[in-house]
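Working notes, beginning with the structure itself.
Chain lettering (A, B, C, D and E) follows the sequence in which the chains are written, and residue indices restart at 1 in each chain.
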Amino acid sequence: MNLSIILAIAFGGALLTYFSGKISKKARDVLAVLISLVIAVILAFFYNTSSREIFYTGFLDFPLILRIDTFSWFFAFTIAVIGSFSIIFSLSYIRKKGNTDYYYTMMLLVIASMIGIILSGDLVSFYIFWEIMSWSTFLLISYNRGPAIAAGIKYIIMSVTGSVAMLVGIISLYSHYGTVIYTELSGLLYNASSGYTIFIFVLFFIALGIKNAIWPLHVWLPPAHSEAPSPFSAVLSGTLIKIGTYGIILLIYVIVKINVFLNLGEGIVSARYIIAVTGAITILIPTFIALLQDDAKRLLAWSTIAQAGYIILGIAYGTSESVASGMFHFFNHAIFKALLFMVVGAVEYRTNGVRDLNSLGGLIKKMPVTFVGGLIGICGLIGVPLTNGFVSKWLIYKTLIINNSPFLAFAALLGTWGTILYSYKLLHNMFLGQLPEKYEKLERAPFSMQLPIVILSLAIILFGILPGLPLKVINSIESGFGLEPLTINIWGITSDTGTINMLNLFVAVFLIGIMIWLIFKGSKKSAGIGQYDNYAAGTTVPKNKYHYSVDFYGPLHRMISPYLRDFIDDFYMSLARSIKNLGNGIRRIYTGDVGYYAIYIMLFLALLIFIQIKWKLW
Amino acid sequence: MDRNNLGKWLKSPGKMGQKYSLHALYFCTGCGIIEIPPSITTRWDAERFGVIPVATPRQANLFLITGYVSVKTLRYIIRSYEQMPEPKFTVGFGSCPINGGMYWDSYNTIKHLDKYIPVDGWIAGCMPRPEAVFVAVTHLWTLIDKGMADGYNKYRANYQYYRENQEKILGKLEWPPLFSKNIKHEEYRTIA
Amino acid sequence: MVMTTILEIIFIILLAGIIGLFFLGLSRKIMARIHWRYGPPITQPLIDIIKLFNQTSMSHGFLFNFGIIFSLAGSVVVLLFLPFGRICPLSDSGGLLVILYLMLIAPLGLALSGGEAANPYTSIGISRKLLLAFGYELPLLLILLTVMTHYNTISIVEIVNKQFQAGWSFQHLSLLLPGIAYILILPAILGFRPFELIQAPQEISSGPMAEYSGKFLALTTIQHAFNIFISISLFTNLFLGGAANPGYFFLKILAVFVIFLFANAVFPRFRIEQAIKYLWRWPSILAFAGLIIVLITGKNF
Amino acid sequence: MNFLSEYIYYIGAFSLIFIGLFIVLAKKNLIKVIIGLSIVDTGINLFLITLGYIRGGTAPVFSKPGLKAENMVDPVPQALVLTAIVIGVAVLALALTLAIKLYKHYGTLNLRKIKEQKW
Amino acid sequence: MVNPILLIVIPLGLAFVVPLFRFISKKIEKFIPFFALLANLIISLTLFPHVLEKPIHVSIGGFLPPLGINLVAGPLGILFAMLIALVGFLVSIYAFAYIKEKDQEKYHILYLLLLTGATGVVLTGDIFNLFVFFEILCISSYSLVAYFGDKPGIESAVKYLIQGAVGSSLVLIGIGLLYGQFGTLNMADIASNIHSVHSISVFIPLVLLITGFGVEAAIFPLNAWLPDAHSSAPSSISAILSGIAIEVGLYAIVRVVFTLFGASSILTFLLFLGVITLLIGELCAFNQENIKRMLAYSSIGQIGLIVFALSIGSLSGINGGLFQLVSHTLSKALLFLAAGYMIFRSGSMNISSFEGMGKKMPYTSFAFTIGAFSIVGLPPFIGFPGKFMILKAALFEQDILFTILVFLILLATIIEGAYFFRVVQTIYFKGEKSTPGQEREIAPLSVLIPVFIFVGLIVVIGIYPKLITEILESSASELLNRADYIKNILP
């Protein structure tokens, strides 16, 4: 099997889907799902293989290379799977809206380009796919119109900013070392001056950080994630921002190499520490901001930034445990954040686009499967033991504490407790509490929505109990990076400094749960009552008078909201405004008066002569 | 007081539990409420007998009707009573719930509380002193022991009657009937 | 080996339940005595539980039931990770971090259960409960991080062992401050005064428990009992050197509990903002100072 | 004085050019500007002619006997000037046409007022 | 082998035949530019392989180079001729449906003359001849800008004319000075003697020529005519002006600077000038509401980028600059054509009037999007290799100055991206959601065909840039190796 075939299927499939949509809608749906699944299945066969091929030689002097190893397999496979679930989810989500052909094509194009990025073996093809991803994402973010337009423009401007910076980095590397192929570049920076390495680092981090939404570069993410169509939000949040993560790992561990990276700077001003602290800030501030959100998807978007902070923290910290936790958390986050966006999407679908947390409620009675998906999703997000988020978070806390960085650990832990608050708010305000009367007749989510929700929920539990499965892959990636692999078994991790065994936990929780359930079951049965039979000081609960999920964390809101303006966003907006004003000002030199124009010509002539007389240029 | 009688505890734990853990719901339904604070605080300390006030009818099994009951209050009394879990006991406090008392000819108080909800015991007087509360509690113990404090069963058995009386004075009630018909020993719908 | 573990587990759970209920009764008795009352018998919580199990109850649905089970199971599982004297059945499964995480299952479970009740009071109560938890977690995390950094381990068993060798944590200045901070936040963890604002019976009708009746109330009472036991024995293990045998351990936690009760019987109630501000100020500053001292003086082990 | 008589044509040509440019830069009436352009053209033409001019030279006709090549005027600038004149006329004609049209639209030829196309 | 002089003769001759064809049939006249440029395209394509081996030069009238006027068809010239023929050909197809006036023969004559002028400029080897062709180009473009005779058109044409006339006067003075010093008009001849005279006598003509041609090439601050003229000309002419006229002006400058004067020291100045032009163009375009004005300012920016790239002075820099030039020609022509037809339909040049165009005119909108992406430099479109090559050339200098300039260029790219993406969003995502009954107004085939040929070229060259890199490389080396150029013409 050839790697270029995957790309051919992916890109060709995207175009094919568009044209098949002109013929038959059924065929298009089937084709879209089929293509995404086929990519995932083909990628699955590449497990534990490594190969490398030149797939195109026509671009200037650069042979474009594809390669696969465990590292890229891990990312590519995750992306393909999440992508295909999102497409399955889209089947009914998108049916009500227009432009369906366009939607599927762009979706497949985004997935294809992401896989292209992951599989590429040199920086030029990395960049090409990166840009294709950027613009196709842009075209899909604005799909919902209205506020999505501003979101899209914000995204693409930041994205272009990042990618031009990265382009400079790539070309600079090429001009220094004469190659852009990972394997040839790797370790070459060992001899470079640290100033140059930092230059390269900064350039790449602008691009990767914007895509990964590291804190001061995150401003595109909340509007983009919240305004995009929900299945695409799942792709965005679950996989697209992880492309940034992939790039960062690639940069640090493949191109720069771990030994150079760890020796870059000293103590607190080392690259490692600075990036890790940035990661910690990325955890804290967005977590607090997420607490204040009233829009379900915007809340999840801020949460995505915060979780990306964990990943960055883990990857940049540079111990083998932290890197493992970063990659494991990437995997977990892809699953549970995709799941949560799908849950919100299902609710949005049934309630005709309502995402305002203050006007939903009580949907557990109407959409139980979706609710369970949401519950498991937030458990994974929080990292409740026996869900997948737990092990990755445990690893990062542990390595931070053992290696004597308690403040980073504090940030990570506090972020988790903030996560509890906002994720509970999400669940409570959508599914729990009072069911508004207008939603009395709501139906369950359609099957094509329930299917990915159920599978992803099961995956969360599965990888929570058997963290060894992904950790095994991560281990072999780490040994490729020159890090010491962890000692793992299928149930957990053993080491001198701290051991975790999910089997013990699972059995304990399971048995005790069963025990308590038996006690519960054994005692008197309870009568079922509805929400209108509530205690309300003797009165009946009024039906549509008020809604008590509004302002759920009011007291905290009052306390912290003055300190939590997104001043970074304000900064960027004022920057944009001042560029606009500058442009408007500069435009005034074209006064419309031809006399001035003639004077300009003469002035230019005078300037040229002056320069010659002054400096003798030629 | 047989609270420390281990044999009785083993024989009928439910009954003993009911006796010595009376969680009282006391709405400020009338002037009688003024006697409740002394009885639960330092001077008389009802907690020695396991009588403590609770905040919601869900957690309560003793309903104290403290004083006169106006028509408006009756609605809330009925609602709260129906929300209490079984077994539950009602005690009318003062003479007004018994026969109207000094409001015997008032147009908007009810004269006989037991027409609307079943009452297991009465404390006469205007006002009864806190000691009288304890007398009522000990009396209630006896009734529970003998199985005679079964107002909640009566309510179930004669629900039509009560509901009719309630609707006669209150007009149509907002909540649906608690029991569909007069049921003797049938549990209502269970799910857990 | 497995048999001993299982026996240990059963032993710990039973003992913790008994001790927790005893503490609950004791607290009521001591409170009454401080109020110049006679007070209920010390077995009163048990009587309440027996009664509650014999009552009917109302349920709002699946999650209403499940949340309670979830919450209680979370509390019980924590017990298995805490050294009780020298007994700690699951000492090798994650250490203090797992305990931290498992401690959050209980409030989460109650919150989920209460959430389905769709009662206004419940919603307000849950909101307060989670906010209060957020409030006390900030100092608590700093405290635990100080301890873990000081001993450079995440295993609570090892922390206890090291205290056997080198004396109680209280002897080190760096851990004395966090220890005091822990005592300051203990009422918030347990929901005692002045942090009774979660239930606040006069205000929001016992908050998250407003819809609980019968067995639900019984299970929450048991959970509360476990919670008292867990948070006090965590303190004992971290700062008072644990104990070599269960009896000695019991005496230690009893002493801590009684001191704590006397300290807290006289307070009125905070509002939620005041509570969070308080928690983020003094205990956090103390714990932070401890952490700084640990980082400056270096690790002792 | 010698300088003046030596370079009189150049001085004249460049004076014309600068006068024309000044008119283009300073005047606001379109017609005057066009006249200025035309003056510039004339100046340039004069300049080109001067380049090839030799004082007392003859026409560059080789077939005529008795004429020395050194005394012949360079014919190329004259050819250039012919072309340049044609171009100048074309521009002038076009400019005037446009001026008429412009006047129809705006009712004025004041270039300071014709400022709709700007920024 | 075909004589390259045909490239000039065919359109020039046919231009004046157009009125004659009116007598035969009025319908036929619009096809004359089509055939003329098709012929040109074919001729330049057939010349192409020969030129790569050895530049062709033709002496007109049999006089040998220093004396007579000669044509030099080097790789650079043929590259430009090919571009001119291609764009002219496609735009002439576009004009079938776009130019609807009764008396169209003026349009076609002037159109052919414009292209004749452009082709002449790039093919000639004589500096005065270059000026003459340049004037043909300029005069026909003045009149084409005013073709519709509406208020903005006339105003812009007048302003364009005044600036252009001043510019060409300067050129003519410069040529006169050159002739006065060297006694010859042949470029190769001048080039071979350029170092024999005092530098002050060289730099004045150089400065005059740069300024004069700079007006047409729209270098800042000589570009004030451009936004007016581009926005008020007919869209087909805007496409030609933006895609060809500016480029030809640029060619003249490049020819003068590289071949005629070999003045590599002025390149540093041009480098800054390019960056400033780029920044100012993009900043001015940033908040434009008029789509064509926005595209015009964007052209200024792109010219700045090309000037920057050419002024790097290395082989790869010139290579990148020429690539960017080709890419700009194709993309900007596409953008003007697509936008032009959308303006034609919506009746307004305001960007907000494009709302919902994505539904109404799906193909045109799609083409516009491709053009916009290409201009911004997104792969896999033609703009990307161009930008890539320029950055590569700049960074290969390994100079901190170049790094700073590169960052300024990228800043401009971001600004450019911002306003182009805004338009793309307006086309697709703004306005009312489409209703099922809404009918599409698909553009006529004669619009779609050229537009989609442009799209095809943009995508194909974007994916396979090697298609044109060969000729670009030999063009670049032609520019750099003055000695070869001189030797070829004056053996």
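In this text, a contact is a pair of C-beta atoms (placed from the backbone, for glycine too) under 8 Å apart; a residue touches a chain by one contact, two chains touch by 3 or more.
All of these numbers come straight from a predicted model, not from anything done at the bench.
If chain D is disregarded, contacts among the remaining chains keep them together as one piece. Each step here moves to a touching chain, and the least such steps from chain B to chain D number 2. Chains that count as touching both chain C and chain E, per the definition above, are A. The two chains most heavily joined by C-beta contacts are A-C. Farthest chain from chain A, judged by C-alpha centroids: D.
With centres taken as mean CA coordinates, the chain nearest to the overall protein centre is A. Relative to chain B, the most remote chain by averaged C-alpha coordinates is D.
Note on chain placement: the centre of chain A and the centre of chain E lie 43 Å apart, centres being C-alpha means.
Rounded to whole angstrom, the centroid-to-centroid distance between chain D and chain E, based on C-alpha atoms, equals 29 Å. For the pair chain B and chain E, the distance between C-alpha centroids works out to 96 Å. Separating the CA-averaged centres of chain A and chain B is a span of 58 Å.
Residues of chain A found to touch two or more other chains are 520, 526-528, 533, 535, 537, 587, 590, 594, 598. Multi-chain contact residues of chain C (touching two or more other chains): 53-59, 61, 65, 121, 205, 210-211, 213-214. Residue positions of chain B touching 2 or more other chains, listed in rising order: 56, 58, 83, 191-192. Looking at which chains touch one another, you get A-B, A-C, A-D, A-E, B-C, D-E. Residues 9, 13, 53-63, 65, 68-70, 72-73, 76-77, 80, 90, 92-95, 97-98, 100-102, 104-105, 108, 111-112, 115-121, 123-124, 126-128, 130-131, 133-134, 137-138, 141-142, 145-146, 148-149, 152-155, 205, 210-211, 213-216, 218-219, 271-273, 276-277, 291, 294-295, 299 of chain C are the ones that touch chain A when the two sit in their complex.
Listed in rising order, the residues of chain A touching chain D in the complex are 587-588, 590-595, 598-599, 602. Residues 17, 20-21, 24, 30, 33, 37, 40-41, 44, 47-48, 51, 74, 76-77, 80, 83-84, 87, 90-91, 94-95, 98-99, 101-102, 105-106, 114, 116-119 of chain D are the ones that touch chain E when the two sit in their complex. The residues of chain A lying in touch with chain C in their complex are 361-362, 364-365, 368, 371, 375, 382-385, 390, 394, 397-398, 401-402, 404, 406-407, 409-410, 413-414, 417-418, 420-421, 424, 427-428, 431-435, 492, 497-501, 504-505, 508-509, 512-513, 516-517, 519-520, 523-524, 526-531, 533-537, 541, 548-549, 552-556, 558-559.
Looking at the complex, you find that chain C touches chain B at residues 28, 32, 35-41, 44, 47-48, 50-59, 61, 65, 121, 199, 201-202, 205-206, 209-214, 217.
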